[in-house]
């Protein structure tokens, strides 16, 4: 197997709030292989978006701060780069697609200006070349009559179109890695299907690796090779998508998967649930962060957070002292 | 465009009527009575009645207001009751002076304010930000009056630098203009800078927190291009609003104090004199001009909005 | 229990003082349905399809443009403000955004007491006890009453929102995207709560959601909306088993399933939802419909019942027009 | 999660953590005590009395010396504190109330005729240059002691109303307002019980801003001869002092402008701290 | 970003610096022939509003009117007390035996300034009919004259002419144009003050062409025959240029009253035998703020004349009595002092039954005690020191020193503070803190008038008048203050009166019953004995006999405690050493400006830049 494109090691991020320091990421480690699509799932506040922002050095500071760890991209630690060097990485080597297509594009500049700026900066194209290139990319993401739409302002486009523009912009410099942070959450389900299909297809065509960050297990299941599950700033389970969904080993993963309503032929009387609520990052339980909601916690779980290691039974990378045994569902 | 302008002008009519009506009631109808100022040392009842009739005081309220509206529509306000000068000539003579007086300070106050705000917002929470904002609060806390008195003593008197004139005005040559306009400009800049910096900083900080700024950074845009291109253009709506809507006030209200203190024959001074002497033709014209200016500002502002923000449509 | 007949809600946008230059937005157009006591009608559709407007029009939070609503056999539409005030007791709403649906400056107690005070229900001394009981029913402790909304998580707030809807013991509740903003694990809890409460109190629900799976889980009947129209309405099981309208089918196929082995036959719709301000002529769906026919462009389809008279399955599509049915069945055979 | 912590107690806790805010609040409070003392006839009553000597230097009998008329400058400065608070408080409170009510009505009925009327009124009042307007009201009320107050209230409420209007338009779209309608809360109660309390933090901040504007405007108006009718104020003292500073007599000028500056500065800082403490984005 | 912002800021600062260095006004203005222009920069503490002679009511207006127009008579430059001399007139008027006809000959060849109002742009000759025309204008109702009261009812047929439609083509019997250069004025009754009235700005001679051309705007563009012509005029400044066609009239210093003992050292000898105007340009800055005026004067390169602000008295003066400047000031500047032809006084409104006349004789007497007690409480010394540099002339009665020395024959009693007597008066008349009336004290809003009020209230507090019972009523405009006076609303009325001519009659008429408000009798004093004497003296020629009656009248006003009077302000004037002249604004104002000269550039030290 080739070298990972991106190696995140023991990444730690803190946020300073009025009430204290919240550890948004607490020692996250994972790899992204070239050409691979890695899903990162978790509920809101688990730290998945912080992870993506940390990689590009975009954590708003203050209040946020990276306090430890390494982010190795093609062997180089991004955390050691200067702002100027980092600017060259952003967009050219690693591109990002954001969640809100309504606000992620600058409302007062045309698509041509915004895409053109990126292309000229990273590809060294002339104004004219950049425009042509932008039109080509718009066409590739399925925007009808791109030579007209390119002079539109974002508000003149629908949500789906805007997200396509975002994708076109992300792909246009042919980055090695795309980080897509909830790229379809804000879209309607029929549009989501279109957009998702487009991202996957194009990234495969280009051989671009992708980190897909989402709370939607369905999206992960249908697009990712591998998936990481996060909970309260910790990575708790990681595996290839197939085994993960077939046999989740962490009680949280299992509970999450079970509680997703899905279209079934027979209507259930009640959905399986996970008891309780996600703890506040400022008041985390001692030991495993899931311990208070876990149905099968053992004493050990209360005293220490389990390390992430390969679980013998399931073969997943897992942080649990008492994993779910056997086939789920 | 023409149709739009006409439509807007029409829509501005209620505003013009409102401003003129309220002003008329306050300044003209209940305003100062000039009769006894014009009456001389030893007037008779007949003379007083004659003056009142001449000034139109004896007419009923509605008639007087109607006359005002007609005067406004025909731009014929007659002659100043005080000096006898034709009101239109008076305004034509004084408004350029006020503009020339306040414009440099107004422009500098806003430009420097924006620049300081950009600095402060970009270096948010650092010492740069803190010192700029401390300066701003101090600036906001000093009364305009104290600044004017202080600057005059500092720059213009034999007790200070004695570099500039105590008072007066001339625009005959550029040198003279600069000679006379400097101290007032410094005062205007100083008094507006605190407010401007704070306002613009708030706008820019808000803008810096927007998603699309994050997008720009995620695609490698430099701080400079973000601040000077994206943030500035995106902040244009509040900036334009602030600047445009202060124009009518700056021209008339803002220059009043400076003009009276520095003895500059601008429209602010003329207006103030008109108020304090009950010179109704002048008052009526100034108020009418202000109202019209406001409507024009509304239209220009709309057009500028459109220029800077494609989401705005001219309706 | 609830009977909605040919309800429409049109908004007038823009225009000057004289009313010129106005355009009409047909947010809800000619929608009819019924919900029985203890039953839930699920309403699905994409954003802007008018489902929320429909919910509010039924409650007369938006004044309907035309059509009638009857609750318990008595009209809700066409009654004066005073009568409406009295009838508000019988119908309530649960909102989407748990952060916006509670007044941040009032304690939970204030919020829950207000409807009782307003409608003068039970003796003032008993009201507190009643509210305490209610808060426990929705799964919170009564200590919660003295707190402010910002001290609760999204799921807890949604429970409080439900408690508020229940204070007046309504017969009918509109749940507008009641679980959409919640995380999956919490979403399941709230969904279960709603079902329990429905069973216990026999309340009729209009459950509005964009999430087909959620709707399927909770509904007895399901209606599908597109551009202000109800394009399909049937028993939940029937609808999910045999979706008829091309839009419903596309919608169902688009939902991502958390199972990597499911290779669904995706029907990916092309293009965007047209603006409701200028809906297409004829069938509003024809611009994206994979099965569009020439007549769809010109002629607005009627409601057709593809089910039985007892178990109606209404579809608003030319495919199911009597003259098309022959053709239709042959298509079914292919599928 | 402390039980029952309201918006206000939370803001209070935050405010207590703000050193500048506390210090400035202390200064403002000190001024207020001075003003209160004048009201209660405890001090400052000799502001108009002619003492034996004119233009006396600072001494134990006259802490800031006396002015040309032989009046005690310290007493005048102290008395002026009362004048400032009278103007500041009355204008701040009344213009805030007026702005809150009209702004709320306008925002709640946005787009309807009542909104149009209020907007028109606001636009009209905003289009009349401030000093002209105050002068005009002063004349219309012909030397009435409260003419200046009335004029300031009439002009300052529009800013508050615009702020409130914007906030109300946002708030009324929130679901808790719809919830209130759904349970049958009548319109006036929705406005005054559900919406207005949610703008209270803005109102408080706005009131402090108006307070500062009012006392600053008083200075200029008194200088122009449109201000305080009977009594003394910092503005009148500064106006007097313009003729004295040229002969190097700065007592009057420094006493008045110094006290004015410290109060305004403290109030500005206080207002900032308040704004931070009450920022709902930070509190939620 | 940072670097750029710094660069921008630096650029701005540099720009500001350039602005600061960019002044370029130090070069003296030059005439067309290249020689340095003689410019005198005068300053005034007020601005004129209207320069039409029919409106030239203020001293400020007179400064400009008297220098752009001409009057028949004028005051001698240096003679004091003021003495008239012919100006436009060739000689003093020939008065008929009965005192009813004044025959006045006008100098031939006097020209109006060149102005486009005239047929070919050239000023035509001023003739007798112009004088008649100018006087008629006062009686044309459409002009709303402020000076017509000077002649109302005095000139035959003139009032009737105005009432009958003011047709300028109609002749007026009383204004008989005998020939081109001779005018006879026929009076209805003797009017000994008539010649004086022909020296005031109101009587300035206006060409009808200018009235026709400029209409109401004549008020900002004077067209006369005076030594100067208007070049620029606004609320801040007036610029006048020498009238090149001004008639040649060499100065005879001796005739003007030159006295080397008094006027030596001012350099006035330089103008002997030359014809005014001597300067090319006269600039008058209207600087209302004393501080600004003082700064501007002491800078050296701005205004060349100022009065010394009260606050600066100690800086400038070595001694108050006699008035002597400190040596360094005499070294730097010329100075003079001038007692105003007028006075300040505080009238009590006799219309008010609780303060003035009352039909109940007992109450009337009580009221008199109250008024006299208030007068006794007035501390003229303190007032003089605080507001008038301690050099004002306090005098008893109502005739200021500039008009006559009448005051020296009156007792000082009425201007001496006597708190005990005041308290005794109140006690005797039964006035207590509770029953003293609440009095409204009116003033036009200004810092000084407010301070005057506070001092007044302080004085009254000394006799136990509660401060809360003396209420300030401030008026933002002079018009409104005047209205309150003329409609008899106020109780206490602080006033100043400037003499229109140096004759006691001009102030005595302030207490003449029929002149009650809205006339000039602001205190609404009504005393039949006084009125009878006034009517009797009105037609009397000056002389000891009339003076005796004037004294009786003054005593009546003093005895009735109608007004708290009086003080004539005494101002100290400073002017730069290179200016040759003797300023005097006390009567009429500005008549002396035509005699001002500037030392030529060679003997001038370069002003500090």
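A few remarks follow.
The letters A, B, C, D and E name the chains in turn, as written, and every chain counts its residues from 1.
Note that a residue touches a chain if its C-beta (ideal position, glycine included) is under 8 Å from a C-beta of that chain, and two chains touch if they have at least 3 such contacts.
Per UniProt, the chains are D = ABC transmembrane type-1 domain-containing protein.
Please read these numbers as outputs of a predicted model, since none were measured by experiment.
Separation of subunit D from subunit E in touch steps, taking the shortest path, is 1.
Listed by label, the chains touching subunit B and subunit E alike are D.
Once CA atoms are averaged chain by chain and compared with the all-protein CA average, the nearest chain turns out to be B. For the criterion of most C-beta pairs in contact, the winning chain pair is B-E. Centre-to-centre spacing of subunit C and subunit D amounts to 50 Å, using the average Cα coordinate of each chain. One simple way to say how far apart two chains are is to compare their mean CA positions; for subunit A and subunit E this gives 88 Å.
Remark: subunit B and subunit C have CA centroids separated by 54 Å (rounded to whole angstrom).
The distance from the centre of subunit B to the centre of subunit D, with each centre set as the mean of the Cα atoms, comes to 23 Å. Looking at subunit E, residues 289, 295, 476-477, 480 sit in touch with two or more other chains.
Shown for subunit D are the residues that touch two or more other chains, namely 135, 139, 142, 225, 242, 245-246. Touching subunit D in their complex are the following residues of subunit E: 289-291, 294-295, 309-312, 314-315, 382, 385-386, 445-447, 450-451, 454-455, 457-459, 461, 467, 471-477, 480.
Subunit E makes touch with subunit B in their complex at residues 1-2, 4-5, 8-9, 12, 16, 18-20, 22-25, 49-50, 52, 55, 57, 141-142, 144-149, 152, 216-220, 234-237, 285-289, 292, 295-296, 298-300, 302, 476-480, 482-483, 485-486, 500, 509, 515, 518-520. Subunit C contributes residues 46-47, 153, 155-156, 183-189, 191-192, 195-196, 210-214, 216-217, 236-237, 240-241, 250-262, 266, 268-270, 272-273 to its touches with subunit A in the complex. Subunit A contributes residues 56, 58, 60, 62, 83, 87-92, 95-96, 98, 100, 103-110, 117-118, 121-122, 153, 155-156, 166, 169 to its touches with subunit B in the complex.
Remark: subunit B residues 124-125, 209-212, 214-223, 225, 230, 233-234, 236, 308-311 touch subunit A in the complex.
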